[in-house]
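Every chain is named by a letter (A, B, C, D, E and F) in the order it is written, and numbering of its residues begins at 1.
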Amino acid sequence: MTKKHDKRMVGEVPAKQDAPPAVMALALPQAELSQEMQAFLAKCEEKLGYVPNVLLAYAHDDAKLAAFATLYNDLMLAPSGLSKLEREMIAVAVSSVNRCYYCLTAHGAAVRQLSGDPVLGEMLVMNYRAAALSPRHRAMLDFAEKLTEVPHLVEEEDRQSLRDAGFTERDIWDIGAVAAFFNMSNRMASAVDMRPNAEYHGSVR
Amino acid sequence: MTKKHDKRMVGEVPAKQDAPPAVMALALPQAELSQEMQAFLAKCEEKLGYVPNVLLAYAHDDAKLAAFATLYNDLMLAPSGLSKLEREMIAVAVSSVNRCYYCLTAHGAAVRQLSGDPVLGEMLVMNYRAAALSPRHRAMLDFAEKLTEVPHLVEEEDRQSLRDAGFTERDIWDIGAVAAFFNMSNRMASAVDMRPNAEYHGSVR
Amino acid sequence: MTKKHDKRMVGEVPAKQDAPPAVMALALPQAELSQEMQAFLAKCEEKLGYVPNVLLAYAHDDAKLAAFATLYNDLMLAPSGLSKLEREMIAVAVSSVNRCYYCLTAHGAAVRQLSGDPVLGEMLVMNYRAAALSPRHRAMLDFAEKLTEVPHLVEEEDRQSLRDAGFTERDIWDIGAVAAFFNMSNRMASAVDMRPNAEYHGSVR
Amino acid sequence: MTKKHDKRMVGEVPAKQDAPPAVMALALPQAELSQEMQAFLAKCEEKLGYVPNVLLAYAHDDAKLAAFATLYNDLMLAPSGLSKLEREMIAVAVSSVNRCYYCLTAHGAAVRQLSGDPVLGEMLVMNYRAAALSPRHRAMLDFAEKLTEVPHLVEEEDRQSLRDAGFTERDIWDIGAVAAFFNMSNRMASAVDMRPNAEYHGSVR
Amino acid sequence: MTKKHDKRMVGEVPAKQDAPPAVMALALPQAELSQEMQAFLAKCEEKLGYVPNVLLAYAHDDAKLAAFATLYNDLMLAPSGLSKLEREMIAVAVSSVNRCYYCLTAHGAAVRQLSGDPVLGEMLVMNYRAAALSPRHRAMLDFAEKLTEVPHLVEEEDRQSLRDAGFTERDIWDIGAVAAFFNMSNRMASAVDMRPNAEYHGSVR
Amino acid sequence: MTKKHDKRMVGEVPAKQDAPPAVMALALPQAELSQEMQAFLAKCEEKLGYVPNVLLAYAHDDAKLAAFATLYNDLMLAPSGLSKLEREMIAVAVSSVNRCYYCLTAHGAAVRQLSGDPVLGEMLVMNYRAAALSPRHRAMLDFAEKLTEVPHLVEEEDRQSLRDAGFTERDIWDIGAVAAFFNMSNRMASAVDMRPNAEYHGSVR
């Protein structure tokens, strides 16, 4: 990743009926990355043992990688009334509607990891209604799914359902923001056929 | 916007059957903004004559405002094989599927402005098939709409259609990225009932 | 319109990737019109400054033009418990579901005109839920949208909702009739690619 | 129908879980009908042995009855490149998508009658793909169904398919007009819960 | 059916734009049937006057015919808290959503037969909401339709609606099982283009 | 399972917001099972280490259990031009459309087991388009998905696509039959909220 030659391809156009691409299906060379982005990717590798492919895909452009990483980290890791697990639950429920292979794989693993409950991760991938959710979590995922499927029908009574389930104004922002973000991320993954790292599949089963 | 008291609300929960909120439907106080964000909003006001309400909505949190602005500016304003008008065309076509009042209003105005063609702006709001588009633009909007409606069905042949219409690998990234972004932005606007600035409506009619 | 030679074409098959047709995409000669229809079109021109293209499209057949004009005028202009603005609001809400360029343009302009509220016209084009509607108007448009999207699900409780909002039996007929009519008109416009007159676009912005 | 007292109700609000209404579910008195409309209904009764309930439903208002009858008669009975059977086939295929009980019953009977083929009538009610249609009829019904389900997707290539199947410009108008009309009529029937005359059910089985 | 030569075809690949196949659109020879299956088909013929084509279609394989017949007979004919008519009503309501020509024809006839009410049969084919159903039957068909259209949304409250309408635990199983079965049967019929016996069409009209 | 007292419940109505049911959400006592069914369940337990919960759910009625098991075993285990893995692939692709938690869990595990490829199992659960399938398998799953989503649109050209991919007439029957069966099974599982055995989740990861 942090190699000196900036022409390493981060993706490739797939040969027909061949194996899928390693990272994504666009043939784009890796950009000369800034110090900051090199450090960020190195830190990912150190902490996780690998650089998530979504970052490699964005690495064809330093500014795009930085913008994506900043937004992602704020949404998923910064202080919030939503726990990190709750944010990952939203990620998976949204990705289930959009049937996004990359995000279901990566964030399904995150739900298994953060909850220590492999079955919960699977249920959210398949149909969150199968899980015995608390009223708080049910309201949260119902809102996220409606926002994903029929955003034009979301109205004040939907926000009120979240308030009734105990969420604050800021929590509602965060639920909306995470659900909205994965509607972007799912589509970015589909647009370029992003491929999840192999590490996710067997993790916390 | 740049007032000293950081408790000005950037949104309000709407009274029933009353007027809609001025900015958004969440009651959140404006954050103490960083120098950088204050300067950014001031520059918007100077250039446009107003601060777009989407920025005021995000201004309840400095980091979120900065992350959003950085991503937005990179996608819509940075150098790209897509012209700024083309990026706005994608914004409107996506927002039309999602029936997003905020984005159709703001980016419909942008299409009218950048194209100097008020009717084109309206056609994209209503149904882009009504416009006599070049094959390049038709392929671009067909991809954006498919990515919006059925992202799980986007495959290599869809990317190939873009290549056949003359788009480069990087252009395909950019088309996907702009379409994906507005699938986020439309849903954020719906989640919190964001309201467009009054200035858009009559602009370039 | 009232020229002596009856072979003037009212439409044309569009050349590929060319400009859209002036009136519609069928190559049909104008009919020899009856005195009554000639007078009707002349009156339109006098009152509006132009003959609406939908009438020019129907003018390939005198009987069809007369039947359409009679039905239209009764529905939209005759005495009713619904104001003319309310009937235009239904027209736009229905056309928004069907994404009909012709009707959204023409009747969006009519809503702006009759309400003196350009923003209301835009909201109805984009998503009527964005407007701060009275309970009466909300019930009216909810019924019209349901009748448009899932007519087979309309039942007694839907009619009762209208009664509860203060509508009479005859009002319910009229709401149904206007919504049903635009489901016809939207499809006629799509079937032949009718093009709205240029005058609508800038009107009452 | 031609009784002197104009207060005979043409519909009734249904009692709960009771029998359906005789004509429609709105309680509206019959209008004092014009000579012309009285003659028209009398002629129906003479020719068919009954007055179709759709006419009784419209008979709460003389002008509306006249407008509807004129439009209907022009579309379904006037000279056209489409046979009367073809127009009825379109009526049923459209009503099948909209699952309209009134129109499927009345026009299903008309297809059986005009074709002398009871099974054809049933197939069109259920799924026109089950019928062994000529390429002409298949193209005609494919266009009508697309116009019904996704009017915003109808484009020049759809009209061209009709031309390729041998239809003239005027035929295309007529196919569009009949399909569009039944999208109105289906919704009018659903809006007021119109009930077909008992005579249709057993006819030409 | 019980002929000695086992190579009689039970289906045929249809010639283009020709008549539909007699039984189904797969060219499969009839199997050498077991004594039990021969007796079963003979009994059908004796009782009904014909062997239902669905059985002829399955007769290309003795084990498949036996498995289908056993399941079918248990579901539709064995003792249950649901009457045979109620089971047929579910069959038709499900087949209406799936627009299955074979099942609508065969089971529409069964509803007419068992109810002695030809109009009820037609209503269920077209839109069961047109029928004046008891609350029990309405709850039963609402459950069957939801299970057909959006099985992933069926939850405890849907089962509770059935209990509230007076159904037992076993009745709920049976409603689910019949609705689920016809979701299989409709698709089997569509997969191989099964054709209903001519006898159904005119029966009990 | 083979206990002497036949009143053991095979399901239970779930307490609100409590854990999900162990087997299913209907409170039905286990039937006195026939020798044959007792032997069958014992054999399952011996071979798999557990009795699949779907069998326990059906065990409230001996005849229903037998009919289900016979049909299932014929479809999934009897000789066929489709391998057992191919049949399981269809099962998962269909269950993915229907978002059936039970079947995705049980048959996802079967795909992982039979293919020895855990990632293939996940891809089919999420979106089979993510897998690098052979043209044979792609055609097979495209047919199964279309039959699941829009059975009324399946026509001769869909069967021809299977023939073109090398499938025989009997293979087409089997593809249709397996896809149709899981459209039943998914709905039966949803109707009664069947719960998969815990053993599936961690198997072959």
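A few comments on the model shown:
Methods note: contacts are C-beta pairs under 8 Å (C-beta built on N, C-alpha and C of every residue); 3 or more make two chains touch, one makes a residue touch a chain.
Note that the structure is predicted; figures quoted are calculated from it, not measured.
Between subunit B and subunit F, the least number of touch steps comes to 1. With each centre defined as the average position of its C-alpha atoms, the distance from subunit A to subunit E rounds to 44 Å.
Look at where the CA atoms of subunit D average out and do the same for subunit E: the two points lie 30 Å apart. A straight line joining the Cα centres of subunit A and subunit D is 51 Å long. Looking at subunit A, one finds that residues 99-100, 127, 152, 155 touch two or more other chains.
Chain contact topology: the protein chains form a pattern that is neither a line, a ring, a star nor a complete graph. Contact between chains, using the touch rule, shows up for A-B, A-C, A-E, A-F, B-C, B-D, B-F, C-D, C-E, D-E, D-F, E-F. Against subunit D, the residues of subunit C that register as touching in their complex are 11, 13-14, 25-28, 60, 63-64, 66-68, 70-71, 74, 78, 98-100, 143, 147-148, 151-152, 154-156, 159, 169-170, 172-173, 175-177, 179-181, 183-188, 190-193. Contacts from subunit D toward subunit F in the complex involve residues 127, 129. Interface of subunit A with subunit C (complex): residues 152-153, 155. Of all residues in subunit D, those touching subunit E in their complex are 17-20, 96, 99-101, 104-105, 118-119, 122-123, 125-127, 130-132, 134-135, 198, 201-202, 205.
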